[in-house]
Amino acid sequence: MNFASDNTAGIAPEILQAIVAGNDGFALGYGNDDASRAVEQRIGEIFERDVAVFLVPTGTAANALALAHVSPPWGAVFAHSEAHILTDECGAPEFYGGGLKLVGMPGIGCKVTPPTLAEAVSHYEGHTPHQVVPAAFSFAQASEAGTIYRPDEIAALAKLAHAHGMKVHMDGARFANALVRMNASPAEATWKAGVDVLCFGATKAGAMAAEAVVFFDRALAANMAERRKRAGQLLSKHRFLALQYEAFLRDDCWLRLARHANNMADLLAARLTAAGFAPAWPVEANLVFIVIPQNLEARLKAAGARYYVRRSDSLAAPLKPDQCLVRLVTSFATHEDDIGRFVEFAAKS
Amino acid sequence: MNFASDNTAGIAPEILQAIVAGNDGFALGYGNDDASRAVEQRIGEIFERDVAVFLVPTGTAANALALAHVSPPWGAVFAHSEAHILTDECGAPEFYGGGLKLVGMPGIGCKVTPPTLAEAVSHYEGHTPHQVVPAAFSFAQASEAGTIYRPDEIAALAKLAHAHGMKVHMDGARFANALVRMNASPAEATWKAGVDVLCFGATKAGAMAAEAVVFFDRALAANMAERRKRAGQLLSKHRFLALQYEAFLRDDCWLRLARHANNMADLLAARLTAAGFAPAWPVEANLVFIVIPQNLEARLKAAGARYYVRRSDSLAAPLKPDQCLVRLVTSFATHEDDIGRFVEFAAKS
Amino acid sequence: MNFASDNTAGIAPEILQAIVAGNDGFALGYGNDDASRAVEQRIGEIFERDVAVFLVPTGTAANALALAHVSPPWGAVFAHSEAHILTDECGAPEFYGGGLKLVGMPGIGCKVTPPTLAEAVSHYEGHTPHQVVPAAFSFAQASEAGTIYRPDEIAALAKLAHAHGMKVHMDGARFANALVRMNASPAEATWKAGVDVLCFGATKAGAMAAEAVVFFDRALAANMAERRKRAGQLLSKHRFLALQYEAFLRDDCWLRLARHANNMADLLAARLTAAGFAPAWPVEANLVFIVIPQNLEARLKAAGARYYVRRSDSLAAPLKPDQCLVRLVTSFATHEDDIGRFVEFAAKS
Amino acid sequence: MNFASDNTAGIAPEILQAIVAGNDGFALGYGNDDASRAVEQRIGEIFERDVAVFLVPTGTAANALALAHVSPPWGAVFAHSEAHILTDECGAPEFYGGGLKLVGMPGIGCKVTPPTLAEAVSHYEGHTPHQVVPAAFSFAQASEAGTIYRPDEIAALAKLAHAHGMKVHMDGARFANALVRMNASPAEATWKAGVDVLCFGATKAGAMAAEAVVFFDRALAANMAERRKRAGQLLSKHRFLALQYEAFLRDDCWLRLARHANNMADLLAARLTAAGFAPAWPVEANLVFIVIPQNLEARLKAAGARYYVRRSDSLAAPLKPDQCLVRLVTSFATHEDDIGRFVEFAAKS
């Protein structure tokens, strides 16, 4: 009953097999190998566009590198107050970005709306040089609440951002989960809607440790190679990052893995709803949040269930004093049995 | 005939097997798993001391994190002019260290001697606050020339460094190669000789991507967890870093792999010497440098040999105009056959 | 009718005279002169304690240096959302602090209360190393709303901050204005109440460009000399900073200047109240805020009055759509005549 | 007999008078006053070109801001090994520049020649992304040895720098001293010879604390306003910086002050030569270096002479063991009498 995170799973078999298979022989380091070169082209095919791709081992690094590259040190990056970049990266964007400023914004279900963004940005205009300058809008797809932005929602936000001279960054640690829920192509869900740079995650989706920073305009990526290197994010045996991506993207593996995770989330949500625990937010990716009594939470934990209790200001209604918000995450590795046991235990407790 | 680097090899079978074997089931992320906890203890056993250990995926990250942790932004870090941290990390120590200053020093065979260190440090004393402050002495073991520092040499340098209030950092990307050449324990080769923090490399030695920052005084490591996280260097599926180390250190695997690499270097050096190409520096680890005519170099390259031509000011005698300095690196994966073919080709050319 | 800021005034005559008088002869640079040495001792006398003092030319520099010195790059600095350090320094604390994080908090009259601070800090505990670490509480005295913290209020906040391992920073750009309003000594208003580091401003109070970073524990100031120098904040002809402070502090000049500014604010507030414009917040220093119709504001501006219209979430009641919040600042140089003219104009408009 | 530095002098009378005269009345802060606006135009007239000007109070800040603005964090800035930016700014360029790298180069009389620059740059090309990237060439005019670069020398260096994609920065802390020695206009000595950004110093030349960062291409200065502000280098009572410059530049005051300083240096050099102490380097600005026996140095110090003993690798011949290198600096305030007394004492000792 491990629903702590999608990163508690191991490596998807297809990806592990690729690492094993690609281990033979010698290959030049630092990305100068065939597999590494192929990945950029493959990602370009998927997104139907020439792209510049930089593979790194962590999502925090991907986000921090991307944000630092589209914002000067005196830039403001606008994002939801509970976005991973604000709450879980220990200041990585600020470090990478030479002290850039993250500006949090509210929003139900951890989603930001255009009026909220417009209001936030308005506080950072017209007072130069005393204030930092609007530089980027960042959003997580799927969001930290497991909700997703539809292409038209992205387009509206991106249009607003661009009108204010900002770049648009998508934290796609769970991009696959979001995509398979939508009736949209990768291109439609990203650059066609106005995304400038995407952190396209594979780790949570089944890889060992592989994230891709994808620039949809190669010019925007100038000197990112130096930025990544000096951040200690250029792997010497880089082929193993590339091999993970190659397998991840081959034959729709990434979509298949994401669909399984989402299906498990749907199943979990359906059963919990049937048991009287309707999700706190729409279940659109692989995260299910439920509001439960604290004593039930204690019993679930005692029974061996693994998950995190979260604090959030993005609920439609605040928690009652004896309630808590529980986050349940499914992954490619989640088994239906675990869901059954968890819900059964919750229902009878 | 791939002698380009020890990072052109793949993953040593023992380590790859450990990744595969450890892939089952769920494990908490970010180092909160059993394997991660075990690694710190295991490294402590090897070094006969309580240590604080931080695993990261790259050597550049390990060095930069370690140096930033022992030097303030206004600190000077003294190292050989051709040290990896000065020449091959694109300013990572400066970035991680908030703008700290690396001070290069000369030395034959890429080794620094106490008088050289003393002279260099003397330029940074007595002029506060106009100058950066001596903060650390860093040296590579083995050095970039493939030479090694004996424990008494380290002790003399460390004593001097400590007398000036500096910490001692060992860039041990090739620590195993150095160690198996010496009649010394890991403890004797490090903290007993005065090393404060060691970047204990596994990647070049056979891992996929795993380096350990080892603090010999736990107090010195305070808040390194935050520093690593905000650098995007904390892997979510951290167990796979730990599994690599576990296998690397089990049953003297690391020493065995290093011995093979060194033996191959010795063999290469012996055969090259017999063919008239005596190494430029003593072969004490897994690197062999030879000075050859440029036209021979061109033929070797054309024949498919892979290696790098290097520039160095650390030769005992300067190159002649038509000569070049060739670096040949062996690894756990080097085959005797390749050495034979390379030397044969060089000899007959 | 210039109420734009206390920095639109020139130099107080006593201070200008000191610059002129101290101009003769030669003096060693960078603070190695008699006047510079005397200032530290003089400030120590005023605060009844051994202090470490660092003079710099701007308040932004003073704040940024102080905060960077008491917070690591992974630290969180808690302050009111409308504090100068968050809204008017273009990210200086983040730059100086290597990417530290400023956390804004709400509070009527730009004042933070202990429960608000406790709540804010609680979000940054228990989730290491994924979050930045509480490092400092910073508050402005007087606040941006012209309100002040009494010693017992400071003590309660400082006690809470210290209990969470944080340092306490007072942005005293208007410290003199706050002090002369209270029945407290400089010591009681600062370190006796728990302040660890004070930015003791002179510029707004009548100097040309001089601020003092005052550490009440000399150990806390270790290496601040280097930090200041590498920030380009160590003046070569440092004596002129010292001369400004010497004159500022001689014969209660600083208190006299501040009392005049406060008296003018009181007079302005009284007359405005009589004219139907009661201040939005208690007038406790040299700032008066009034809520007026936008068309009146337009007429005032047209009449040549100089002031800033501010946005604030710290009002007890929100503005109506046709209202605006006007900030009026008095200084040592404010004349009663200007107040009369301004109020007369406002009253009749 | 104070020859310690040109910053041991006070404020030139013309400049002090301007501060006093400009103190009346109110003026908007942060550079939004008439005097501040006029300065940019005045400097443009002097340099016969539209320029972007940023006034700051220290030379270290000016250099650090300028270098950070023309170099990315992964840039290399090439300068003479004994340049102020390398030896006397405690890492300010590295701090402001997010960890950029300063690369020292040798050169007699603290001057760099094109072959030396070419050689140094060659070490930083062709190894991307492992190395920092050539970003700027910086030189001091006059140099730290008191020598100067003629326009054709600057042009040759700038041409080389530009050919390698680098910007050219002139540290003109003593620009006036250099200029009055040459038969060249300000334009010919700077942008016409290829200088991109000049730190045009007034402090050493007679101001209290005022330096101007002058960009000869306004586009290159984009966002410098934010960079200066977040560095705490934007003075609130900015008019007093402007007033200093206004007076400094009015009626050739700056040239007159510099000529006096240079004349005093010439006189000092001539008398010392007559007394048997020929200068170590050509005296081309307001610095005179002499090599004297250490026991004479001790007697001079005992007699009350003020100067600094320097270490240098830029002498044509190394010092003998009992010798030392003494730096004597003249300024607008140097009196002929002091020179007479100093030389007399040296001659008879």
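Read from first to last, the chains carry the letters A, B, C and D; within each, the first residue is number 1.
As a convention for this text, a residue touches a chain if its C-beta (ideal position, glycine included) is under 8 Å from a C-beta of that chain, and two chains touch if they have at least 3 such contacts.
None of the values given here were measured: they were computed from a predicted structure.
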If you take the chains that touch chain A and keep only those that also touch chain B, what is left?
C, D
Let me check something: if the centre of a chain is the mean of its CA atoms, which chain is farthest from chain D?
A
With centres defined as the mean C-alpha position, give me the chain A-chain C separation in Å.
41
Measure off the straight-line distance from the CA centroid of chain C to the CA centroid of chain D, and report it in whole Å.
34
Could you state the distance in Å from the CA-based centre of chain A to that of chain D?
50
What parts of chain C, by residue number, touch at least two of the other chains?
73-74, 89-91, 94-96, 98-99, 129-130, 132, 226, 229-230, 234
Applying the document's contact rule, which stretches of chain B touch chain D when the two form their complex?
73-74, 87-91, 94-102, 123, 127, 129-132, 311
Could you list, by residue number, the parts of chain A that touch chain D in their complex?
30, 72-74, 98-99, 128-130, 132-133, 223, 225-230, 234
With touch defined as at the start, can you tell me which chain B residues reach chain A in the complex?
2, 4-5, 7-11, 16, 19-20, 22-29, 56-65, 89-92, 94-96, 203-204, 208-209, 226, 229-237, 240, 306, 333
